[in-house]
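Below you'll find the structures, each written out as structure tokens.
Two complexes, one shared chain (subunit A), two partners (subunit B, subunit C).
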Partner chain A sequence: MKLELGKIYIHDVQFADKTYVENGTLFVCKEEIEKLVLEDDRLISARVELARPGESVRIAPVKDVIEPRVKVDGPGAIFPGVINKVKQVGEGRTHALVGSTVITCGRIVGFQEGVIDMSGPTAKYTPFSETYNVCVVIEPKEGLETHDYEAAGRMAGLKVATYVGEAGRNVEPDEIVTYETKPLLEQIAQYPDLPKIGYVHMLQSQGLLHDTFYYGVDAKKFIPTLMYPTEIMDGAIVSGNCVAPCDKVTTYHHLNNPVIEDLYKRHGKDLNFIGVILTNENVFLADKERCSDMVAKLAQFIGLDGLLITEEGYGNPDTDLMMNCKKVTQAGTKVVIITDEFPGRDGKSQSLADAVPEADTMVSCGQGNIIVHFPAMDHVIGTLDFVETMIGGYEGCIKADGSFDAELQIIIASTIANGFNKLAARTY
Partner chain B sequence: MAKYKIVHYINNFFAGAGGEEAAGMKPELHEGAMGPGLALKAAFGDDYEIVATVVCGDNYFGEKTDAAKAELLEMIKKYDPQLFIAGPAFNAGRYGVACGTMCKAVEAELGIPVLTGMYEENPGVDMFKKDLIIVKTKNSAAGMKDAVPHIKTIGEKMVKGEEILGPSIEGYIERGIRVNYFHEKRGSERGVDLLVKKCRGEAVETEYPMPKFDRVPPNPPVADMSKVKVAMITSGGIVPQGNPDHIESSSATKYGVYSIEGMDRMDKKDFMTIHGGYDRAFVTENPNLVVPLDVMRDLEREGVIGELANYFITTTGTGTSTGNAKGFGEDFVKKLKEDGVGAVVLTST
Partner chain C sequence: MDNVMVTNNCRCFEKWKDIFQMEFEEGWTYLDVLTKARDYIHQGYHLLTHPLAGSVKPNQTPFKSIILSKDTLEDAEEFRDLVLIEDSIAAYHKFIKGKPLPDWPEKSREDFRTVDLSLMEGVVSNPIMNRR
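Moving on, here comes the complex of A and B:
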């Protein structure tokens, strides 16, 4: 399966009468976006605001972040089984508006939505302080049930991202990167002397605000399966909104999965990237046992020498992470885990909720419990009404001027456990 | 400019009072620096002054710890110092424990930075390394010369509020505290590097060594449940409506004890969940799913259990550090014992 990803670099975002890209500037039509969002009668208002790097702007509570993409050639279309019809994706050509995003925000569904600061001392913790963001602030109708509100918010973001992505259809990309993974036997034969490497991508599937969808299928209802890495670049996986904000794998992060990207960089050089094993993080022990057994079986079945494992969320999924690591190792495949850490505000407790001796090679994406200060910003997109009860916040943490203190985990994707960021933790 | 004031703590031996025969000596106060303090005085230079040296016998401190601590604190307090240094204790076990104990006490009472030094096998290290910065020393006083520059550098940084870097750079004993920093490569790239090396059979260094968990062996089964008072404890974040004690939705720093007296079931009008780690919709509708008061009352009526305690204990499990969780348990188990509770039902989510 071969995919050309055409990267159109975006350096600014502006409002206009229609939505298009010109000379690296993304112009968006506010009215059309609002109309699109309000097609869903579960939402009663939608407001579009723009946020650019360096601005004194705080966005909260953020639900999802999505990179606008459009499929220009090859089977299927972006977000198959969710926005477009179910059809195998991952082949042909896709254009991405790199440097821009669509962000959904608005009243919290649960406690898990997070914060993005476009400038100031906390901006460095989130990749979205460096992107040009089209923010859609949504308002649910009175009394909307939480699962419905989450679904409405999720669909609003994906619809808007698909709409904005269309603007890249006829634009000549600044750069085209080609990714290719062949069918198993051919792929193994292509680089017979290099170690056969895979990636176990654990999809969050604990329930409301903890869901992920693969071709529209709720990940808690599937059993582990194999995926060509390029499928993910066409939106085969979408986020069902937040877990803890810090290690939320946004839809943006699925489209731009760093492990897949970095494995492709070394593909044919010092490793042979065979493919991705998708699994979930269900809450029932029987599911954990069944799925980790199957992950190990698949790793052995396709003859992997080594694999990376990433998780989404912390606490309960640490068990899935450790079971996967243990069983895969015992099946004869070498493992590296990428994770983040929650050792308490003082950094003194154990960082994960579970541990096995096989987890002897870990990469740390930083610890999410340290308290950081968020100075007041000139403008808030969304609302700060929920900061005290959002994950990372606490009673009395916010002042009248909008400044607050909170654990790092309140920031979207600050310690994301797939290695997207450079943040790490070490022992003092 | 006024000099920064330091108070120094040493034991009988380093004060020149003698070894074992003097280990029973009571706290003493000496103006200025003495013994190993002279080397510190020289190192810290003119901007700092060791205003006093407090001395205590190791046995006296060990046997009458509370009294010794109180007396020494009184002596230290009146100098209003900006820094407290204890030892170094090298490999002297009782002295190490005394240094650690005094550092913790001074930090808590006076709110000033504290610093000590020990050999890594000193029993004081395991007791205090998480709470204190302990400069790494050799196993005897011959190591003073090497320790002094580290004590000086760290001490100055503490007084000025400057960042103290990692243990290998600053020369202190690793504390087991996880601290963030920005790496030059992103995590995924580091992961791929490690995996390629691991597949080649090369040595790899983990960024996070697996912790040893504090496993608690379960008690033997309860012989006769029909005679036992049972309490319910949950990490599922069930609290009275409005969350009166403001328990966090994640990374809890507190727990709550709430009455269920006279209630037959958990009514959604009275209770809610503030837990940030699971789909709350069903529990919001029916809090008995996490605190099973309805079925526990059935069991009580049927005589399967002796009696149900008239309260439940609750916190949020998600993201809560094991340190906090252990602290909660140690704290509320006293109440359970006082109330004659013989068994608990622990529910998570």
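Moving on, here comes the complex of A and C:
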């Protein structure tokens, strides 16, 4: 399966009467976006605001971040099974408005979380302080049930991103990157002397505000399966996860999975990237047993020499991570795990909720319990009500000038457990 | 299946009180639920759900539900459940030490109940839970 990803670099975003891209500037029509979002009668208000790098702007609470993309050639269309019809994707040509995002924000539930600062000392902890963001602040109708609101919010973001992505359809990309993974036997034969490496991508799947969808299928209801890495670049996986902002894998992160990106960079050089095993992180322990058995079976079945595993979240998923690590290792495949850590504010406690002896090689993406200072910003997109009770905030954390202190885990993707961040821990 | 649900979430209690044996006290803390579940494990019960289910951490949500059973659905290693529950209790203390549970307004408490309920709904809808 071969995908050409045409990267259209965006250097500014502005409002206009219609939505288009010209000379690296993304122009968006506010009215059309609002109309699109309000097609869903579960939502009563949609306000579009723009946020650019360096501005004194704070965005909160953030639900999802999505990179606008459009499929210009090949089967299927972006976000299959969710926005567009169910059809295999990952082949042909896709255009991405690189450097821009669509961000959905607004109150989802009573506890608030997920901050993006576009400037100041905390901007460096999130990748979205460096992107040109089209923010859609949504508001549900009175009394809307939480599941319905989550679904409405998720769909609003994906619809807007698909709409904005269309602006890139007829634009000549600044760069075209080609990714290719062949059917298994051909892929192994292409680089017979290089180690065969795979990637186990664990999808959050615990329930409300903790869900992920593959071609529209709720991940808690599937069993582990094989995926061509390019499928994910066409939106085969979308996020429905709204908790734990620091290690939330947004839809943007699925589209731009850094493990897949890096494995492709080394593909044919010092490793042979065979493919991705998708699995879940269910609450039911019997599901964990079944799915980790199957992950190990698939790794052995396709003859991997080594693989990387990433998780999403803390606690329950740590058990899946460890079961996958242990069983894959015992089946004869070497494992490196990638995760973030929660060792307490002093850094002295156990950083994961579970551990096995087989987990002896780990890449850390940093720890979420550190306290950081958030200076006041000129403008807030969304709301900063109840800062003291935000996840990561605490009683008395807010000052009279609107600045506050909070744990790093309040920032979107600050310790994301797939490495799409700038934090790490080293052992000396 | 001889199941018991240990919970401090009234929404779970109301929903499943006729289906499961319930251990429910609205006044229980998250730790009380973990400790009660540990008691059951010592009495020979098996964990059916992960004690730290949900990404909302023990110093963030007041609510916790855990389902245990006299039967086991897996071929788990000996003492796995005890290790899991003890590790969960250790994790609880680690988080609470760093930052106590906020005094949430009722609106937030209700959202936390809804999330906890949803985690359990995913489990109870599993066909294997209807095995007799």
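Assume the second predicted complex is superposed on the first by the 419 of 428 C-alpha atoms of A that agree within 3 Å, B and C clash if a C-alpha of one lies under 4 Å from a C-alpha of the other, contacts with A are read in each partner's own complex, and residues count from 1 in each chain.
Assume contacts are C-beta pairs under 8 Å (C-beta built on N, C-alpha and C of every residue); 3 or more make two chains touch, one makes a residue touch a chain.
What you are looking at is a predicted structure, and each value in this text was computed from that prediction instead of being measured.
Because the two structures share subunit A, they can be overlaid on it, and in that overlay subunit B clashes with subunit C. In the superposed model, A:T427 lies in contact with subunit B only, and not with subunit C.
In the superposition on chain A, A:K288 contacts subunit C only, with no contact to subunit B. Look at A:Q204: by the touch rule set out above, it reaches subunit C but stays clear of subunit B. Judged by the touch definition given at the top, the superposed model places A:Y314 against both subunit B and subunit C. Of the two partner chains placed by the overlay, subunit B and subunit C both lie in contact with A:Y394.
In the superposition on chain A, contact is made by A:T339 with subunit B only, not with subunit C. In the superposed pair of complexes, A:V363 makes contact with subunit B only, with no contact to subunit C. Judged by the touch definition given at the top, the superposed model places A:H147 against both subunit B and subunit C. Touch criterion met: A:S349 reaches subunit B and subunit C at once. Between subunit B and subunit C, B contacts the larger number of subunit A residues. On subunit A, the surface touched by subunit B in one complex and the surface touched by subunit C in the other have residues 110-111, 146-147, 206-210, 244, 283, 313-316, 342-346, 349-350, 369, 389, 391, 394-395, 407 in common. Residue ranges on subunit C touching subunit A, taken from their complex, read 47-50, 52-57, 60, 73-76, 84, 87-88, 90-91, 94-95, 97-99, 102-105, 107-112, 114-115, 118-123, 126, 128.
Within the complex formed with subunit C, the subunit A residues making contact are 109-111, 146-147, 204, 206-210, 220, 241, 243-244, 282-289, 313-319, 342-346, 349-350, 353-354, 369, 388-389, 391, 394-395, 407. Considering their complex, residues 130, 166-167, 174-192, 194-196, 198-200, 204, 206-208, 210-211, 213, 246, 248-251, 253, 274, 276-281, 317-319, 321-324, 349 of subunit B touch subunit A.
The touching residues of subunit A, when paired with subunit B in their complex, are 110-112, 124, 145-147, 195, 197, 206-210, 244, 258-259, 261-263, 265-266, 270-271, 283, 305-308, 313-316, 334, 336, 338-339, 341-352, 355-357, 359-370, 389-396, 407-409, 418-428.
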